[in-house]
Amino acid sequence: MQYVAAKTADEAVALLAGHSGMARVLAGGTDLLVQLKSGMVEPDLVVDIKRIPGMKDITPEAGGFRIGAAVSGAELGEHAGVCALWPGVVEGFNLIGSTQVQGRATMAGNLCNASPAGDAVPSLVAADAIARIHGPNGSRDCPIGDIPAGPGRTTLAKGEIVTSIFLPARPARASDAYLRFIPRTEMDIAVASAGVSLVLAADGAVASARVALGAVAPTVLLAEEAARVIVGTKLDDDTLARMAAACSAICKPITDKRGTIEFRTKTAGVMAKRAARIAYDRAGAKT
Amino acid sequence: MALDSYQKRTFKQVGTRPNRPDGVDKVTGRAMYGADATAPGMLHAKVLRSPHAHARIVSIDTAAAEALPGVKAVVTAADFGVPEDAFLRDVQDHCMAREKALYDGHAVAAVAATTLAAAKAALKLIKVQYEVLPHVTDADEAMKPGAPVVQAGRAYENVPAGMSENVTHHCEFGHGDLDAGFAKADHIIERHFKTAATHQGYIEPNACLASVTSDGKAELWVCTQGQFFYRTLCAAILGMEASQLRVTASEIGGGFGGKTMVYMEPVALALSRKAGRPVKLVLTRDEVFRATGPTVSSSMDVKIGMTKDGRITAGQAVLRYSGGAFPNTTVDMGAQAAFAAYDLDAVRTFGWNVMTNRPKESAYRAPGAPLSIYGVESVVDELCQHFGLDPLKVRLLNAATEGTKSSYGPTFPAIGLKATLEAALAHPHYSAPLGTNQGRGVSCGFWFNFGGNTCVSLSVNTDGTVGVTEGNPDIGGSRASISLMAAEELGIPYEKIRTIVADTSSLGYNDVTDGSRVTFAVGLATIKAARDAIRKMCSRAAKIWGIDEEAVEWVDGAAVPAGPNAGKFPPMTLAEIAAVSAETGGPISGHYEVNADGAGVSFGVHLCDIEVDPETGASKVLRYTVFQDAGKAVHPSYVEGQMQGGAVQGIGWALNEEYIYGADGKLQNPGFLDYRIPVSSDLPMIDTVILEIPNPGHPYGVRGVGETGIVPPLAATANAVSRAVGVRMTELPMSPPKLLKALEAKG
Amino acid sequence: MVKVLLWGTLRSAADGQAEVEVAARTFKELLDELVARYPGLEPQIRRGVSLALDGKIYREAWFTEIGPDSEVVLMPYMTGG
Amino acid sequence: MKTIHVSTTINGDPAEFICTPDETLLDVLRNRLGLTGAKEGCGTGDCGACSVTVNGRLVCSCLVLGAEAQDAEISTIEGMADADTLHPLQRAFIEHAALQCGICTPGILVAAKALLEKNPDPSDEELRYWLAGNLCRCTGYDKIIRAVQAAAAEMRGA
């Protein structure tokens, strides 16, 4: 195995594109090193992108923020601006692993690891966040939801890396939230999860919404019907019950050591309605 | 000296909370654990493990591995003999599969190489040809006729003919007329329970450093609960003489019973012997889960009858335990302990052990007892609910006490159960209000405790300090407790004493650190060794004073004339006697060797409050209080620590911990990510109430405290959950999917 | 003579008796006598037994004296964690 | 595998080592630098026994490559005491019996120190969540929480 700390994105791309064997990108390493340890992957080349200028930056852009691909959870959690604008994105990302893991883990890494249960992804999908991808043919932008292709697989082409994630601007009364179900209070992989992003109308009703579900399908599901159910409402109990049902209706989970089909299906709806309530309260609290 | 048994006294140091002697080493990273040692020329070893749950090993070709540069030795079962003794053969076969791989993760070969990377690469070059066999991992399945046979011909004589060959052991305990007892009941509840196998979950993976030289001498550095027992096993397996194998116990990073058995130490020694170099072997966490530890799993039927005023009229339990691919008798303890808390006219327990394609069971705190008591305490709780009776008062009404004929035979001497129940009843926790979706669970617990083989050597240094040499690895602060007891007996400050854990060449045989025996038995031997030294010091003082030995006694750390007739001499302190020891007859030391009995059984009562999220089935422990009889708490902080740690392990067992097997017989969750031991944010503070009902069998009244604490939490937690949601949970762990399913079934 | 209480599974090896009487002054004599009188008990006694004498449990201790009125209970060999 | 030469700072002192590209920082600390205070409990970031800080961030050293330590500032348990003066956390752990076997202790001390530097007055809940990645199997965490709070109070007073 060869380790290279790339100095520019172009260098990283050239290394990855030009390599014939197995190559892996190292950002936070919290998934990659586990895979190395278990022998699950045995790459010939590891390209560390943390030393590339800009990769650890959080930059205001067009009313939103651009998050460098190597920004850790701890760093993002300390950024007051992002926390205020996209609290659900931050809380989803910050739920990954322990404090120690937060010192290293990155959103882009969680995205590209392509686990159906990645905690950073549902909120990013709900936020309609955009990944910037650098590759042999230059840069391109891609909606977050289009990157995972299935468990452990992405749509990225050979040599392509995610260099940043863009979180767009928000209207005044808007917020988001993320909840996951785990058996313990920490240190588990999501059994079912939901990210909800809401914009409120002047009357306090939901004007628009995006709902994304994790760990209930090969990739994160955008729950469009569930979003439609809550638009125009103030999230009364009946609406929330219908929203939960709409979420459960689209789940296509598996039964494994972490949960059953029935459990995941039910819990995804519960997480979604609770996250919606939190997002709604957060948005309403903004004046 | 007629001071063997308990004598009431006022303690000066026992019962205080001084700093532990190994504290600074452990907070600065200096303490040396199993994986922390190195040796010149050391090789690194890796073990090749079966990917199949059950397979005949047709052939193993190690030629390519041996040819790999850096590889210095490869061993398989062919490098070991076949022990005649069945127990030893099982121990060895567990370390290295002989004809069959009996579980996923069973060792089939091992390599020692100059680097870990070379050892890993060599594993891939070993060609094992397997004939995959049908497997069975569930105890109930394994008992069925026609189930895959894990090992043939292993049943003990007590197993009736015609059962599955996987059934190896049967036991029955109890007394009285069950039919008559059940006939007297106003209500009878019978429930089926099932519990998954769990792991001790020690944070330090098993690790050792073995060095065998060509003249047959050997050293083994290892994290173990019993260096002497490891020596016995390793020497027997490798055909070595005990005197030539020196085993040194490293600091131990948790054991809980799981490090009472060798797993890979004989393999490391065999590799070192073959390679002619020291070999370090450290298991990965994955290997720890797949090939060390686990507890038995269980399938149980418990039937109890009760009158409407809460008197238990009869109790019966059928226990089916499985401790993996080898015969074991842990169910004996479960069957004896099941009803130990109760004074019953009619009680019967039946136990079965059944083999499955899982790793060989190792002890885990009060082995066997948490499961059967979980079943019994759940049914008692349900009967209390049925009649609307207070669960603690019902337990008090039926509680065993001095003179009760126990469910396992003997008549109880003085025991602390009633006092413990009364303490729980009076505690504010028991009367605190509960909210919606919250429940409070109660459970009794019991463990036998024992003493065992123990040697202690105590040396009085010429500067007035004292060294205590004992032979039991310190797993939870025992060096502090031993030092305290030596200080108490000698009458010198705790700080003047240093207690160390000896290697196998420096002291006589000591049993494993298990059975909650160390503070009891090593403490007892330390007190006796101190008395031996005191006798010698009194003798020296008598010589100096020119009076009879019998005319000198030991008071507050000094020899004094015994009464006015003995003569008038100022007290001669330990330091003063020690300073002239060379002049008065040579070094002064005290010794004691014993196979200690009279450990005294121990009871505990736990209270647990839980809130269940009815939409997800998640349980949160809100409040938890442990009441336990310690006889005498020598170092109360570490007594509390045992109680708290045991309780939390039991909570984990009840809520989330389990060995999950796939249809392929492979362990699905061999890591801390999915084998979910409790994390700090899962828990409240664990309150403790120590009761001190002196053990008549110990000079200071000490009882073992290490194991009882894990017994009540399974039922305390299950009873709390069941009361919170109104559904009786009869399967552990009560993981959220199971609980939610039960809630939905209830409607 | 000393009365020894056997646990359930052992009774089939002792002509179905729950309690047997043997002449013994110590545990060693007791165990030897049990094996001599009831050979079916030998496998279990070889695997290991504990003895409770008036409520106190002993794991080995051959020379422990047994009084004529002592309560003696045979138990499986105790192990712990 | 070709080794890499790394220059770094450990506990304030310059340090140099060579390692293979796949060696973790934990392997380097333990096997190449003799700093065995960080423990490997799992190797997968699930137990926290290998906790160290890298450039002031609390991390699991088993999830960091040794090669990544180039130009970094690393702190380990071995650097926590000031010569023979224990850090208040270290003292509190001894005085409050917050360790039994002690294998998790170095990681917990490093993690708790990182928290108190960020938040000198954490609630029990904040502390429990911060330490959720540090598994302890002996204590049930009770005395650990009490010890950290005692040290925090002492440090606030100092």
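By letter and in written order, the chains are A, B, C and D; residue numbering begins at 1 in each of them.
The rule is short, and it goes like this: a contact is a pair of C-beta atoms (placed from the backbone, for glycine too) under 8 Å apart; a residue touches a chain by one contact, two chains touch by 3 or more.
The chain lineup, named per UniProt: A = Xanthine dehydrogenase family protein subunit M; B = Xanthine dehydrogenase family protein molybdopterin-binding subunit; C = MoaD/ThiS family protein; D = (2Fe-2S)-binding protein.
No experiment lies behind these values; they were computed from the predicted model shown.
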| item | value |
| --- | --- |
| B-D or A-D, whichever has more C-beta pairs in contact | B-D |
| Where chain C and chain D are represented by their mean Cα positions, the distance between them in whole Å | 54 |
| Interchain centroid distance [CA atoms averaged], chain A/chain D, Å | 29 |
| CA centroid of chain A to CA centroid of chain B, Å | 44 |
| Chain D, residues touching no fewer than two other chains | 1, 20, 22, 43-44, 46, 129, 131-134 |
| Chain A: positions in contact with at least two other chains | 37-38, 185-187 |
| Contacts with 2+ other chains: residues of chain C | none |
| Pairwise chain contacts, counting only pairs that touch as defined | A-B, A-D, B-C, B-D |
| Residue ranges of chain B touching chain D (in the complex, touch as defined) | 17, 19-20, 22-24, 26-33, 35-36, 117, 200-205, 251-256, 282, 284-285, 475-477, 635, 637-638, 640-641, 644-645, 647-649, 671-673, 677-681, 683, 685-686 |
| Complex interface listing, chain C residues touching chain B | 5, 7-10, 18, 40, 43-44, 47, 52, 54-61, 64, 71, 73-76, 78-81 |
| Touching residues on chain D, where the partner in the complex is chain A | 1-2, 4, 20-22, 24, 43-46, 48, 51, 54, 57-60, 62-65, 67-68, 70, 111, 114-115, 129-134 |
| Residues of chain A that touch chain D when the two form their complex | 1-3, 5, 26, 29-30, 33-34, 36-38, 46, 48, 50, 72, 74, 97-101, 103-104, 185-187 |
| Chain D residues within the chain B interface of the complex | 1, 20, 22, 30, 35-44, 46-47, 49, 76-78, 80-81, 86, 90-91, 93-97, 99-106, 109, 124-125, 127-129, 131-146 |
